[in-house]
Amino acid sequence: MTRAQLTEKILDIKREKAWTWKYICEEIGGMSPTLIVGALMGQMKLVKPLAAKAAKLFGLSEVEERMLNEVPYRGTPMPPTDPLIYRFYEMVMVNGPAWKALIEEEFGDGIMSAIDFDFDFERVANPKGDRVKITMSGKFLPYKYYGNEQGIPDYGFKED
Amino acid sequence: MTRAQLTEKILDIKREKAWTWKYICEEIGGMSPTLIVGALMGQMKLVKPLAAKAAKLFGLSEVEERMLNEVPYRGTPMPPTDPLIYRFYEMVMVNGPAWKALIEEEFGDGIMSAIDFDFDFERVANPKGDRVKITMSGKFLPYKYYGNEQGIPDYGFKED
Amino acid sequence: MTRAQLTEKILDIKREKAWTWKYICEEIGGMSPTLIVGALMGQMKLVKPLAAKAAKLFGLSEVEERMLNEVPYRGTPMPPTDPLIYRFYEMVMVNGPAWKALIEEEFGDGIMSAIDFDFDFERVANPKGDRVKITMSGKFLPYKYYGNEQGIPDYGFKED
Amino acid sequence: MTRAQLTEKILDIKREKAWTWKYICEEIGGMSPTLIVGALMGQMKLVKPLAAKAAKLFGLSEVEERMLNEVPYRGTPMPPTDPLIYRFYEMVMVNGPAWKALIEEEFGDGIMSAIDFDFDFERVANPKGDRVKITMSGKFLPYKYYGNEQGIPDYGFKED
Amino acid sequence: MTRAQLTEKILDIKREKAWTWKYICEEIGGMSPTLIVGALMGQMKLVKPLAAKAAKLFGLSEVEERMLNEVPYRGTPMPPTDPLIYRFYEMVMVNGPAWKALIEEEFGDGIMSAIDFDFDFERVANPKGDRVKITMSGKFLPYKYYGNEQGIPDYGFKED
Amino acid sequence: MTRAQLTEKILDIKREKAWTWKYICEEIGGMSPTLIVGALMGQMKLVKPLAAKAAKLFGLSEVEERMLNEVPYRGTPMPPTDPLIYRFYEMVMVNGPAWKALIEEEFGDGIMSAIDFDFDFERVANPKGDRVKITMSGKFLPYKYYGNEQGIPDYGFKED
Amino acid sequence: MTRAQLTEKILDIKREKAWTWKYICEEIGGMSPTLIVGALMGQMKLVKPLAAKAAKLFGLSEVEERMLNEVPYRGTPMPPTDPLIYRFYEMVMVNGPAWKALIEEEFGDGIMSAIDFDFDFERVANPKGDRVKITMSGKFLPYKYYGNEQGIPDYGFKED
Amino acid sequence: MTRAQLTEKILDIKREKAWTWKYICEEIGGMSPTLIVGALMGQMKLVKPLAAKAAKLFGLSEVEERMLNEVPYRGTPMPPTDPLIYRFYEMVMVNGPAWKALIEEEFGDGIMSAIDFDFDFERVANPKGDRVKITMSGKFLPYKYYGNEQGIPDYGFKED
Amino acid sequence: MTRAQLTEKILDIKREKAWTWKYICEEIGGMSPTLIVGALMGQMKLVKPLAAKAAKLFGLSEVEERMLNEVPYRGTPMPPTDPLIYRFYEMVMVNGPAWKALIEEEFGDGIMSAIDFDFDFERVANPKGDRVKITMSGKFLPYKYYGNEQGIPDYGFKED
Amino acid sequence: MTRAQLTEKILDIKREKAWTWKYICEEIGGMSPTLIVGALMGQMKLVKPLAAKAAKLFGLSEVEERMLNEVPYRGTPMPPTDPLIYRFYEMVMVNGPAWKALIEEEFGDGIMSAIDFDFDFERVANPKGDRVKITMSGKFLPYKYYGNEQGIPDYGFKED
């Protein structure tokens, strides 16, 4: 059994039962829908208590439950051909240089983590058309400036 | 002159003057730093009053000022090799399927616009390491379900 | 079951019954053939009343009917190797820069939507060889020029 | 001199003079703006009388005028990174299979030409946001079904 | 059933019967072997009378016969890894620019059609090693120079 | 100096003098226009007497003449974006499998050489539109079936 | 049945019988192990007498024996990810320009054939570590310099 | 000025002075040679005191010194064609799945940081040939399992 | 049976038994976990005694045991989409040029072997977050500078 | 100055002087022409005494001489578009699997080095057309099977 086969099985059951993701996430609970849906679609790991709940909800075997608790080989084909996902890709492609310039000026040399990271979205009513509002935060991780072969020196200066 | 040459010139002046992006954005004003920095780096158009301010600040010629007011050929090479930008790319690659599932369940068939879209980030102090907090919103655009050759019919049903 | 398997099944039935797309679209009705054929080939969602008609026509199960009502992961491999589809791709590749220049001059900075978009084609008799006439329209979406961190300002100027 | 250098020169002059494409196309006249702008951007050939007008307008040398009359090596990098052009690319990627099915059913085995092809766009006012309306037509070219080594036979049947 | 599965079935039968392509093409008749073999390998459509003959020869079902009469999604993976096919690809890669220059000088701006196109090959005995002689012809299609928004004008000049 | 720079110089002179390729090939003579134009565009070597004639015609230096006599690094970017060249590429992509099957059945295991190869094209008048007729021949090269480590054995059978 | 399936079957039998390639090549005999192993792995054709021996050895059906006698669609995915094969790829990537310069200087304009080509390797004992010694030879094929439209002329000079 | 131009200038000076990297790193001091050489080759930022030392050593202008203190757009073309760098790439390609399995079993779901990361290498004498010994360490960053829309819940369980 | 199928079977058994890699490696023993896990995941060969132990542990057939003893076709798709593996890829992409410069200065022209290579990792407790410490060493292999056609000369100089 | 610029300069001088590679290699001497030509074309390092001879021969500056003594960033674009180099690439692509199977059976798990490697070619007269004979040898490097965390164990068995 591969993780892709388990995902297909879960989607088959969801369709057969006519469940929504909202219902599924409420039943499993305890984590962001992004993580729960991500796990059920093969991109995230479900921690054991949630894998147990998911297994009960979907009627999965013990082995399938364990697979949901495994860290999958993450990632999907790029560039995304689906328009909804492509728009996010385009935001990065067009705005990436500006984001880099501004984040580095504010935080110094480093990155915003895609691992120690949270994400939420909500619907914002708007007379011109409702908007998708996204809030996310990621830990800033500074590049480590490390020492020479004789050990990590005291640079005697702060990073700048 | 190409837009890339203008970008290089602007970065040379910024470096020579030892200006920060914060200073530059305050001087030009009136728009999000993401858009102003994006325009100066060749990914966005500056509207005329701001292009005039930018030209004055950087001592640009009238022709260069007009170029800042042009819509550039947007986009940067993908996949991004720079770690800071790659982390955003990875968020889309790993979370894209879950975002698609959740947004479509909430909003129906369509996309979150990358055009009618705004973006902001701020620093959030955190004892375990400060975080980059990002807030963005994009207009939801529903797929248009259009009619047959004899005109757009009244479907007699709402989209579902 | 994957969407690709459902598409293969539908094409098998169409072949077995020797139906034309014209017949199928008339039976399902209510939308452009581009959308109906697109949905049956796995690129579009059929709204519920049409999915029900399609299911009845093809003798699909309830679960298959629900799948037709799902938003698929859109997109096909690019560049297209099929000559008919490649010609459209080539039109974009060769004429893209001119279209961009002319649309932006007429409408300002933005895009013609590929989502809020309709498409129709008809046969035009011509003594030198009939022509395929295509008419499409897409909503123009202006790039949003948004404000700085203190909120969306009144720019005091119109976009130019 | 390369065609790309000539394009850059023409765009420099356009910017310096603050001309619009509309003005340029009226001055050169006699063909669709798509073709004239396409030629000035290095994707089309200008026939001699128009090349002469373009050369006069832009103050080009005789050699540059001749270059405008040459057939360029057509094509631009794909996939397009610019959002405006990408939307056209996406239309082909998502709708290509349906267009193929419908055109082949109506016209038989063949293609819609991207060479014997015309294109026009206009602005359509719309209270929900103006639309870009595109009309294009291309000659349908049937696949030639040719004979065996002893010459082209009379098939005794019409293509089906 | 996919077209690739039908091709595999046909090749299995050909192998089992130990038939040559020459025999198969004579039995089906009426068209160039390039087209008949192309159709049996999934790249061309067989017109109805020939599809009927092919179905009888290979013992295909009525549904399989109909599939042979469908226009397939044409095209094979590129670059070709097989040496025989790669040599043709290399001819285009190395000689393409010269062919373009010479054909455009002789015929004007346009293309040699790959649709209204015929192909034949024969063996030419040669004491230094027999040669494959290929003869092909394609209709020259001139680029259409079309008019402006007010209709197709009389240019008052011939294309040059 | 690179070969690409020499090609650009030759094309500049051709444009300045308003020469045709026909004129240039007649002046240089002695070989197919495909080879002469190919060499002037950087894809072929001109043998010494022809390089001398070309140098005289274009007023090239002795060093440039020698460069024309060098074997260039052949090949152009693929896939070709130019429509004229793409049509040849498409012929190979669509017809390659059939050509392979037919040539191998006629000649055995091997290839048609792209090196010991000649090419000619001519215009064929046709009331429905003139045609480009291409004739080419290439030496058939059989795959060598060689022996084991103790030398090339006498197989005692002919290749089949 | 595809050639890949036959290869998998042959490898399954080899594994089950615990045969070495040396044993298999001795049993089939008559050709270089490179060719025999190549054919059993789907990259070469086995001539009929050897296909018969291979079929007997592996207990293949008559149809499978015929498939071994067919010319396969040659080629494997590139770049090779396997380290052993990559090292050969790297030799070409790094040394290709020097090989080209030296072979062309010695032989003139042309190629070393990859078709009329033989290959052998042997183990050479060496106190610092045994070496793989490879000997190969390929026929040199000169580029054909062919004539103009009026036939192949007598150039009156030897190629240089 | 681009960062690539500054790198080329620095390498020119290094060559002219016949300096070693060892000498350069000792002169600049205070950080690992990997970071200093990385910065001089355009992949890392030099903190201000070190940029000042580097500027003095190489005789750089104040503007060039500031550029060394900027965070560059990191990353080099992949896959690496240089054999030395390719070997590292190959280690990741071949061993990546095992490293992932073992690190996740030991540390849980997360990554080893490539940002908070240090690297050192040393020469280890060995009678069979000296070895390059590499020691590196990276902070383990666990995937953040975050809560639902009503805030981050207390899961009541530890991650497993 | 393919190696990928064997890997899937082994992972199924590991999941069913709820074994850790640590347990599996202790049971099989005798080699680094990187090699054992690598072999079980299809990237390495297990020597016979270990293949026998692995077969006993997992209840594999004799044929499957032999497959574990075969050298697989190594390599996994690149670039890696999984974040954990990507971080290693990024280290090479960003630091490759500096590593090359420093290793070549210390060792001369050559590479660090990815074949005669060992790897180990351990957990290092750290109050700011535990670290993954990696130690690896590879044999340095100098480029061989070999002689001309008359044999390997005595260069009379040491490599520098 | 980049290595590519130095290569261009050397080729310019070679052309101006009308030198052959044979002459150049005799003048520089002491190593295989493959290495000397490789170094002059930017793919190899020349050891100091040879770099000195090359500098004298070509009249290079001291700095240029030092650059010839540097290890370049090796590698050329792949796949090769030039027919001569492509044929070597094709040999690897078609024969790679057989070479892997045979070398591994003879030598065990490992590679033939592309670093500790020598290469020679010679012309072999042949009445059917002269042949390029290539002899190369590379050190066989066995994969290192290393121990677990407690040190390298004595496996008590030889590798098999």
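In order of appearance the chains are A, B, C, D, E, F, G, H, I and J, and numbering begins at 1 in each one.
Here is the rule we use: a contact is a pair of C-beta atoms (placed from the backbone, for glycine too) under 8 Å apart; a residue touches a chain by one contact, two chains touch by 3 or more.
Since the model is a prediction, treat every value here as computed from it, not as a measurement.
Peer 1: Using the contact definition given at the top, which chains are in touch with both chain C and chain G?
Peer 2: Both-contact set = E, F.
Peer 1: Which pair in F-G, B-I or B-D has the same interface as A-C, with over half of the contact pairs matching by residue number?
Peer 2: Going through F-G, B-I or B-D one by one, only B-D repeats the A-C interface.
Peer 1: Please tell me the distance, in whole Å, between the geometric centres of chain B and chain G computed from their C-alpha atoms.
Peer 2: Taking the mean C-alpha position of each chain, the two centres sit 53 Å apart.
Peer 1: Could you work out how far the Cα centre of chain B sits from that of chain J, in whole Å?
Peer 2: So the centroids are 47 Å from each other.
Peer 1: Please work out the Cα centroid separation of chain A and chain B, and write it as a whole number of Å.
Peer 2: It comes to 21 Å between the two C-alpha centres.
Peer 1: Which residue numbers or ranges of chain G touch two or more of the other chains?
Peer 2: In chain G, 33, 35, 44, 73-76, 78-83, 90, 93-94, 97, 100, 104, 110-111, 113-115, 117, 119, 141 touch at least two other chains.
Peer 1: What residues of chain C sit close enough to touch chain B in their complex?
Peer 2: Checking each residue of chain C against chain B gives 25, 29-33, 35, 44-45, 47-49, 69, 71, 73, 97, 100, 104, 109-111, 113, 115-120, 122, 141-149, 152-153, 155-157, 159-160.
Peer 1: Mind pulling up the chain F residues that touch chain E in the complex?
Peer 2: 20-22, 33-35, 37-38, 41, 43-44, 74-76, 78-80, 82-85, 87-107, 110-114, 117, 119, 121, 123-124, 126, 128-141
Peer 1: If you look only at chain G, which of its residues touch chain H in the complex?
Peer 2: 79, 81, 83, 86, 90, 93-94
Peer 1: Contact residues on chain A for chain I in the complex?
Peer 2: Residues 1-2, 63, 66-67, 70, 73-76, 78, 114-115 of chain A touch chain I in their complex.
Peer 1: Show me the residue ranges of chain C that touch chain E in the complex, using the header's touch definition.
Peer 2: So the residues of chain C touching chain E come out as 8, 12, 15-16, 18, 80-83.
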